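Two complexes are shown next, each including subunit A; its partner changes from subunit B in the first to subunit C in the second.
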Partner chain A sequence: MRKNNSEVSVQKQDTLLMFPYVMWIVLFVLAPIFLLVYQSLLNVDGAFTFENILRYFTSVTYLSMTFQSFLYAGLITLVTLIISYPAAYILTKTEHKELWRMLLILPTWINILLKAYAFIGILSQSGIVNRFLDFIGIGRQQILFTNFSFLLVASYIELPFMMMPIMNAISEIDPSLIQASHDLGANTWATIRKVILPLSMNGVRSGVQAVFIPSLSLFMLTRLIGGNRVITLGTAIEQHFLVTQNWGMGSTIGIILIVLMFIVIKLTSNKKARRGVSND
Partner chain B sequence: MKKVVQLILVILALILLLLGMDRYMTQSSSHSAEGTLTIYNWGDYIDPSLITAFEKETGLQVIYETFDSNEAMYTKVQQGGTAYDIVIPSEYMIERMIDEDLLYKLDDSKIEGMDHLIEDFRELPFDPGNQYSVPYFWGTLGIIYNDKMIAPDEITSWEDLWKPEYQNNLLLIDGAREIVGLTLQNLGYSLNSKNPTELKEAKDKMSTLAPNVKAIVADEIKMYMIQEEAPIAVTFSGEAADMMTENEHLHYVLPKEGSNLWFDNMVIPKNAQNLEGAYAFISFMLRPENATLNAEYIGYSSPNQTAIEHYLDKEIVNDEQFYPPLDNIKNLEVYENLGQEFIEVYNDLFLEFKMN
Partner chain C sequence: MTNSLKWSKLYLFFVFVLLYLPILYLVYFSFNEGGTMNEFTSFTLEHYSNVLQDQRLIQIVIHTLLVALISSTVATIIGTLGAIGIHFVKSSQLKEALLNANNILLVSPDVIIGSSFLLLFTLVGYQLGYMSVILSHIAFSIPIVVLMVLPNLEELNQSMIKAAEDLGANRWQVLSQVILPNITAGIFSGFFMAFTYSLDDFAVTFFVTGNGFTTLSVEIYSRARQGISLEINALSTLLFIASLLLVFGYYYISQYSRQMHKKKKAVTGK
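Moving on to the complex of A and B:
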């Protein structure tokens, strides 16, 4: 009846509702990136220069640091994925799905610094783990400040971000598809491989993005848990902003990190699969 | 939609309520801006009873804010968002702030008790004649060890840190100047060296230290040493004093090659609002009784000669690790502001060392 009128008002409403979001993106996403690019083209005296980017690509230190960051972020992603996928699959099958989901989210309510300090208490020489090892006769081991402890704590912290999207993706799969697969003679293993896995790939992709990207610049954990024996790009950025106050170089590394993240997103997002899953 | 609006309204109402309560509480506790003195200091770096005593004596309300690094302090003072009346930075930062004209030149006639200070500390290179700053605490960089795992006299010098038997035993402080500096001193050079060959030598020397390093951490050193996570650490004398009161097995060594002599001094920033109050505070802290209380509470070395001679516990004052004889001061070097270029050189050396 008054279709046209209401459509116009809906459009108006939509623009109005979009306003806070657009402002947010402009002020807190686009403007900072622009400032970062601008800063990265300045040297310490504020003159225009490309020396920062040249310095980055000619420095063995920075390049090997980038490599290390990728290596550790990759390992963290792998560990969380290996734990998350089977766990998410089993949890979606359980009765109290909501309770399990709740328990998964719970640790993310606690500040990351507090979690790191809790792990120091657990892993240190006089911590619970070492007291247990001592008790069963293995003797105290150096756990804190090792690559292992860094991987363990980082994976613990990132685990919910991998688990949640995978759980969502698996629980969104239409149960009739799984029934059909069984009816057509596929066993459980074949069903997982041919039906559930392909249909949950989107969850895996967003999980990988949500874990890999922040892991590239975990700088606080590298000091608290890794004792600065593990160095990531975040360490260098922190140093340039806080100690040397060479904001240009710090921004340059930040820009490189952003570019690397975009590459990761591009590589992990698959347009074909997305079209296949949407139910349009 | 209605529910969302309701939710937003509830949140807004809550925020307004809390904001009102916050306003009410701060209003009832503070007087007008006229009668306040704003102090910007390191965390846990004053005996709180002194603040109360100062407020009582002068009738001023003290607003006490803390920072955790000189650089963070510098940024805040330079941007001038808050007008601080007293700030307590370290020596190299004071030199930089003087260069950048951020500090008031002190009027000596308004400060009582400058004569209580140790003579040698009145003519230091970062502020000759104390024209801009008044010493608050001082100390050295040294080695702290646990006698359960290390025999006494096993460690007497920086060079001892390189001993192969200490593999994976050291905790180092996360500071480029400290670690590069101690390596330079170990090689017999100045810790303010700008000589490329000396720095190259230091770089090679540092890379041979890497196997002994268990971790490079910051304030956590205190906790780790008390909990006996590691047998040896490189740390500041003041921090060491704190640790030693918590764990009696810990001992502090001032290395024989020499060390860094650091100072935290009181300064008045250019944008201070209450100059009279600031001078009153400096004079108040210079009084030997107050300097003693503060030194006993914090455990750092006092620059107040009168307090050292007449008030402080003899056992503390006679400990050469914390009050080294100052005729030997040529071994103890003060950090100079290196300038941007060499700050970066030092930090790059340190970053490479961490990557080892």
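Moving on to the complex of A and C:
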């Protein structure tokens, strides 16, 4: 009897402690999603309508913008992956792994705006890159405010986020497997291709997730570096909310971004990894 | 073999040079008398003294730090209690649902968080300003804290809690004297991560800040849109040093807590 009593009070206390957290879930997780869906069904005057979603799917502008955003996110992911994988592989072979990891993390702690700002200086008409081009005889080019500069700076910013999960995945591979591969006569290249690459795919997947999704929604870079040439989904949402004040359309694009995000996560997530998480 | 090793070292060196070059470029020109980021004319500390004399900028720095401090403290408290709650939830379905809800804001792009919070604040008629910024920062920091604290809770020896209960400890004593002391490492790293996320945030703040209140990121954005001003370079150098200190601080804390952990393990023989 006594035990029962205390159990009941324990439960009460636990719920009381958890109350702020549950409130947070309701107010700041569930309510905003609901509001986004609700707002997407309203037109500029606040009347209920399916107009936004219809307009999105019938408008060439919106569809090509979405395609462009996807294309650039894909390119950014590809560029970072190509640079990161070899670097991550070499990093796992170095002696001072912890130090290198720190050096890799450090740039991610620097405000993204400052990094963008640095590139405004580097890529500008009389910046260091153009002076170099002048020096070798190519002559000055318009680099800032082009699609290329957007791709370059976005890849620069996302690089550590690709490299870290790959590095973690490679360093988690059991060294005896690599040893075994060598013992069985595989050379370094064959070992990389047949053993290390397949076993580090999880890291690649999380890297792709960590780079692709934020790249779809980058909005500050498109303005500061891309000169508004590349419109990402993020830029479109920001403009609808803060510039043209068409919140209904902004919410609609937001929901499309969320749906795309889930598709990307589904495509890149690994069933085995998931099982590991839910078993915990 | 040595040749390929040399090449790989070179490649690595190249990648890291690329990673740091823009930052060092900023730092270098922060000492430039010339006023541009193109040609270094002569050394000056003028831009630094400008930063330190810029009352508005200093106010913004203080605001940014206050927002980060308040939001990460509140988020740490709510998140830690939430993590403990999640850990002791019996039904695995409910636990899964809570964890999924927890992760929604972690995977959501900043623009989505920012715009949906803007909708929320507008709906309830909340005045945009420092409070809406703090509330938003608390909101996006909570799941980070939960994520940092949960692994510590899972490592916690369940029989210790049983033992404490058998010895007559009430729920509060179990919480304050058994659970909390054993998860301090997670709580600290949660707080730290929340703090840096808040300092770093631009997108969410940009949506919910309204007109009167500005944080450092938003201020840098509006200044950068107007072009180069070496005052920003000086400011970023100072921020770079601050981040360096933060990273080393974090490194030190995590090393320290790891050592404490080891010691504890040695003592309990586990």
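Keep in mind that, in the parts below, the second predicted complex is superposed on the first by the 243 of 280 C-alpha atoms of A that agree within 3 Å, B and C clash if a C-alpha of one lies under 4 Å from a C-alpha of the other, contacts with A are read in each partner's own complex, and residues count from 1 in each chain.
Simple rule for what comes next: contacts are C-beta pairs under 8 Å (C-beta built on N, C-alpha and C of every residue); 3 or more make two chains touch, one makes a residue touch a chain.
Predicted, not measured: the structure shown is a model, and the values here were computed from it.
Asker: Look at the residues of subunit A and decide whether subunit B or subunit C touches more of them.
Answerer: Touching more residues of subunit A than the other partner does is C.
Asker: With the two complexes superposed on chain A, say which partner A:122 touches: subunit B (first), subunit C (second), both, or neither.
Answerer: So A:122 only meets subunit C here.
Asker: Counting only touches as set out at the top, which of subunit B and subunit C does A:65 meet: first, second, both, neither?
Answerer: first
Asker: Check whether A:228 is in contact with subunit B, with subunit C, with both or with neither, and answer first, second, both or neither.
Answerer: first
Asker: Which of the two partners, first being subunit B and second being subunit C, lies in contact with A:242: first, second, both, or neither?
Answerer: both
Asker: After the superposition on A, what does A:111 contact: first (subunit B), second (subunit C), both or neither?
Answerer: It touches subunit C, and subunit B stays clear.
Asker: Quick one: is A:44 in contact with subunit B, with subunit C, with both, or with neither? Answer first, second, both or neither.
Answerer: So A:44 only meets subunit B here.
Asker: Which of the two partners, first being subunit B and second being subunit C, lies in contact with A:177: first, second, both, or neither?
Answerer: neither
Asker: Now for A:267: first (subunit B), second (subunit C), both, or neither, which partner does it touch?
Answerer: After superposition on chain A, A:267 lies in contact with neither partner.
Asker: Overlap of the subunit B and subunit C footprints on subunit A, residue-wise?
Answerer: 120, 124, 126, 223-224, 242
Asker: Hey, which residues of subunit A end up touching subunit B in the complex?
Answerer: 44, 61, 64-65, 68, 120, 124-126, 142, 144-145, 223-224, 226-229, 231, 235-236, 239, 242-246
Asker: State the interface residues of subunit C toward subunit A in the complex, per the touch definition above.
Answerer: Going through subunit C, the ones touching subunit A are 4, 8-9, 11-12, 15-16, 18-20, 22-23, 25-26, 29, 36-38, 77-79, 81-82, 84-85, 88, 96, 98, 101-102, 104-105, 107-113, 115-120, 123, 138-139, 142, 146, 154, 171-172, 175, 196, 199-200, 202-203, 206-207, 216-217, 220-221, 224-225, 227-228, 232, 236, 239-240, 243-244, 246-247, 251.
Asker: Within their complex, state which residues of subunit A touch subunit C.
Answerer: Residues in contact with subunit C: 9-10, 13-15, 17-18, 20-22, 24-25, 27-33, 35-36, 39, 83, 86-87, 90-91, 93-94, 102-107, 109-122, 124, 126-128, 131, 156, 159-160, 188, 213-214, 216-217, 219-220, 223-224, 233-234, 237-238, 241-242, 247, 250-251, 254, 257-258, 261, 265, 278, 280.
Asker: Looking at the complex, which residues from subunit B come into contact with subunit A?
Answerer: Residues 69, 71-72, 168, 171, 174, 176, 213-218, 220, 223-224, 227-229, 340, 343-344, 347-348, 351-352, 354-355 of subunit B touch subunit A in their complex.
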